[in-house]
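Two complexes follow with chain A in common, the first pairing it with chain B and the second with chain C.
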Partner chain A sequence: MSRGHQRRLLPAYLATGAGGAPLPTTLDTLTALRASGLPLAAYHTPVHHRVVELVTDGSLTAVEIAAYLGLPASVGLMLAEQLVSDGLLKASVPVPDALAPSRAGRPSMQLMEEVLSGLQSLRVA
Partner chain B sequence: MTSPSEPAIVLGAMTVVMAVVALLLALSRRKQMRRCREMDAALKSAEARTRSAESRTDDAEAREDRFRAEVSHLVSARLPALKLNLISSHHPVPGLLHEKKAGPEDAELLDSVLTKVSEMVLTERRRVDAAARAALRGASQDSQALSYRLQSELDALQREFTGSRQLTHRMLAADHLNEQNLRLIQRTAIVCGAWPGHVRKDTYVAELVTGASSRLRGFDRIKINSRIASNVGIVGRAAEPVAVACAELMANALEHSRDDLAVDVSLIQTGNGNVSITVDDAGKGMTAEAAARGVRLVSADSKDVMLTELGDPPSQGFVAIGRLVADYGFHVSVDNPSPYGGVRAVVTIPPNLLASIDEEAEPPSAMAPQPPVAPKAERRPPAATETPAADDEKSRASAPDSADGLPQRRRRGPAGSTGGLTVPSYRAPDPERSRKAWSEFQDGLESGRTGSDSEETQ
Partner chain C sequence: MDSSHSVSPSPRPVYLPEGEHQRAKILVAGPLGVGKTTAIKTLSQIPTLHTDEVMTDAAAGADDLSFVGLRDKTTTTVAIDFGRLTLPGGRVVLYLYGTPGQRRFLPLWEGIAFGALGALVLVDTRRLDESFEVMDLIEERGLPYAVAVNTFPDSPDYDLEIVRKKLDLAPDTPLVTCDAREMDSTLSALIALTAHSISSAGVGAS
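Let's look at the complex of A and B:
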């Protein structure tokens, strides 16, 4: 145990609490999260409070939240899933690239092509 | 005239002779009388001597009987009692059979047997105990070192893999098991005379107590309320010992209260500068005897408690605390009742073991509870309308944007500036705003990602 190297004091499981069975994997690392405005319950840990505080004025992804709190990304995702299932956070799936408007403010070429092919297949049917 | 004088002369001569004879006789008789008296006296004294010799023999016999009785009493009653007394001082050792009749030398001799025996037993017991402690200490320290390595491995694993939630969950569970194991091993090592195993840097009190709680099964029953200024920390050398003491007290509280009851831990700084960590449980409380024993063990003079005195099952927690208290100079009290009728244990840390930590250089972890209200703010918060503005002003002043223009993370204002935590308010969804935010995000993502992609497509 050399000097300078510090033993960890606060393990990551303090953040999630000693919950029962794990929730199913529902969130992606890039899922954006924002607070739903519901109040937190007594069983929420201080970290849950901090997460809700962080996303109250905007949205962040689970990975960003984890980085802000100095937690492993996996634990950030777990926290987010717990809070989403408690209704405290709202998750929005990231918009696929194709749906985003291009720089000119118009839909991208790929999207237009997909719409066109859809229309054509409709007409054929 | 010669003839009448002849018989007179003869008579005179005879008279003289007779007188002489009578004198001689008288002399010899006196001599004899004297001898007789002397013989009488010698006889008397001889008789007296015989009598006194006889009585002395009787005395000696009586004394021998008494001594024999005392020795057999020593063997059959006093030594067995001493054996029990050496195990627990509750057992009395009886005195001599005939306390008053025994001579002081005998009493001393017999008592010295007891003293010698108990000295020998105690010396031997200390030697055996020291050997047992050394063996146990060596084994626990090795095991402790391995557990720390496992801790590092598990921590690295948690940071490396984000795959399935099932995996994360199990890694966290394994981590918690390892922490519990570490606590038990570390405690045993300390009881056997080892040091806590590592030195921390100066650590926030709230973080230290939270970290200590994480070493216990059922840590989410522990509710920590910090009412201490958030920059108060414990100096590095005392940090781990205080954590160990807190963990042991919280473990007792969890163990002795029902599974659905919380254990309240509160942190306060008292007027004389001490920091008090109070652990209240709602258990049954301790008996007066248990409390007295606890007080004795956690005090600084319990340093040489032996393994044989720990009882079965061994109560290692208090002994470990006692050793740490003796070595590091904080104070622990366990003999007060809690407000719920259980036990209130208080760890008091004197100002010389406290440090002030720069919160900007080392921001406190999100996992430790922050003081929900400022320590002094038992008054009504300022009017609700001006609170957020004032808060913003203050936090902006205390955390200016950094030199490269990146905004710094906003910290909660210094303790005392606000009435407390701002409750997250409900925000109506604003489709325009989200669209704008997302498109900006998307733009940024795209511009970063598609330096080459866009060239390919065009």
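Let's look at the complex of A and C:
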């Protein structure tokens, strides 16, 4: 269980096994991921195994997965993307679609107001 | 940015709350050593994490992983720190990203900046000019921001109006003082930023 301290055996650019070909990323760095329980296939790399293992007991965002595995955020996203399309990870979006950022990636008013009141109650707490 | 302050990734991950929640992010920006990591540590409820981002000296190619494969001598690694806090009520999980201040690091945080609620720019009165670059970058991206003067024991006690003038801030850009080591002080700075993001979004919509 020394995942975080373990020396990375594969360079980041090989971790995805995709030969460096960029995949179109539909996931956000804050997409939450959790293992679906399906078994990994023979073609999955050791890094894929570590990602699935990391989110077996709970959810983490793509950027947190990258951080725990010592990978750049973009590589964490690619791994997550592959595993979601293979059915091994379940993804949940950072904000519900109906409230998704509309104006050039800006968060909804509702979300910003939730953040404001949350920060205010943390201060008085 | 200041990776020497980062805790090594914990072997035991701190999972997200199980309940339904939204996730939002705020950037904490500024030059090296201005207190970004301190502010993130002060507020984060998990040990701060970082991703090691790879870039080449030719910043334009920094995102292209095929270049990394060359293991060029000009490849450098930059740690991007972040922290996380669940707001009371558990309906929002807020991420704080440390954002390095120089234009050459832009490709590393452009993706991170997308969807951010805004940026808190930390400045040090002893070297205000070092914050100009990151303020320009944030303005170019149309991201709302607030400026917080991080008070260091030996920093000169500037009148905020003088700081505002020196930084050439828009009249509605919030300018506050904060001690990045103090929870309430740092929270107040984030509150000023969030209120500003809300009011500027309101203006944009009308």
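Methods note: the second predicted complex is superposed on the first by the 78 of 125 C-alpha atoms of A that agree within 3 Å, B and C clash if a C-alpha of one lies under 4 Å from a C-alpha of the other, contacts with A are read in each partner's own complex, and residues count from 1 in each chain.
As a convention for this text, a contact is a pair of C-beta atoms (placed from the backbone, for glycine too) under 8 Å apart; a residue touches a chain by one contact, two chains touch by 3 or more.
Fair warning: this is a prediction, and the values are worked out from it, not measured in the lab.
Touch criterion met: A:T45 reaches chain B, while chain C stays clear of it.
Judged by the touch definition given at the top, the superposed model places A:T29 against both chain B and chain C.
Of the two partner chains placed by the overlay, chain B and chain C both lie in contact with A:P72. In the superposition on chain A, contact of A:G58 is made with both chain B and chain C. By the touch criterion defined above, A:S121 reaches chain C but does not reach chain B. Shared-chain residue A:M109: touches chain B and chain C both.
Shared interface residues of chain A, touching chain B in one complex and chain C in the other, are 1, 3, 11-13, 22, 29, 32, 58-59, 68, 70-75, 95, 101, 103, 109.
Those residues of chain C lying in contact with chain A across their complex are 8-13, 15-16, 18, 22-25, 49-54, 63-66, 68-69, 80, 82, 84-85, 87-89, 91-92, 94-95, 111-112, 114-117, 142, 184, 187-188, 190-191, 194-195, 197-198, 201-202, 204-205.
Of all residues in chain B, only 145, 148, 151-152, 155, 158-159, 161-169, 171-173, 175-176, 179, 197-201, 203, 207-208, 210-211, 213-214, 218-220, 243, 365-370, 409, 421, 423-427, 437-439, 442-443, 446, 457 touch chain A in the complex they form.
Residue ranges of chain A in contact with chain B, taken from their complex: 1, 3, 6-18, 21-25, 29, 32, 35, 37, 39, 43, 45-47, 49-50, 52-53, 56, 58-59, 68-75, 77-78, 81, 95, 97, 100-101, 103, 109. Residues 1-5, 11-13, 20, 22, 28-30, 32, 54, 57-61, 63-64, 66-68, 70-76, 94-96, 99, 101, 103-107, 109, 111-116, 118-123, 125 of chain A are the ones that touch chain C when the two sit in their complex.
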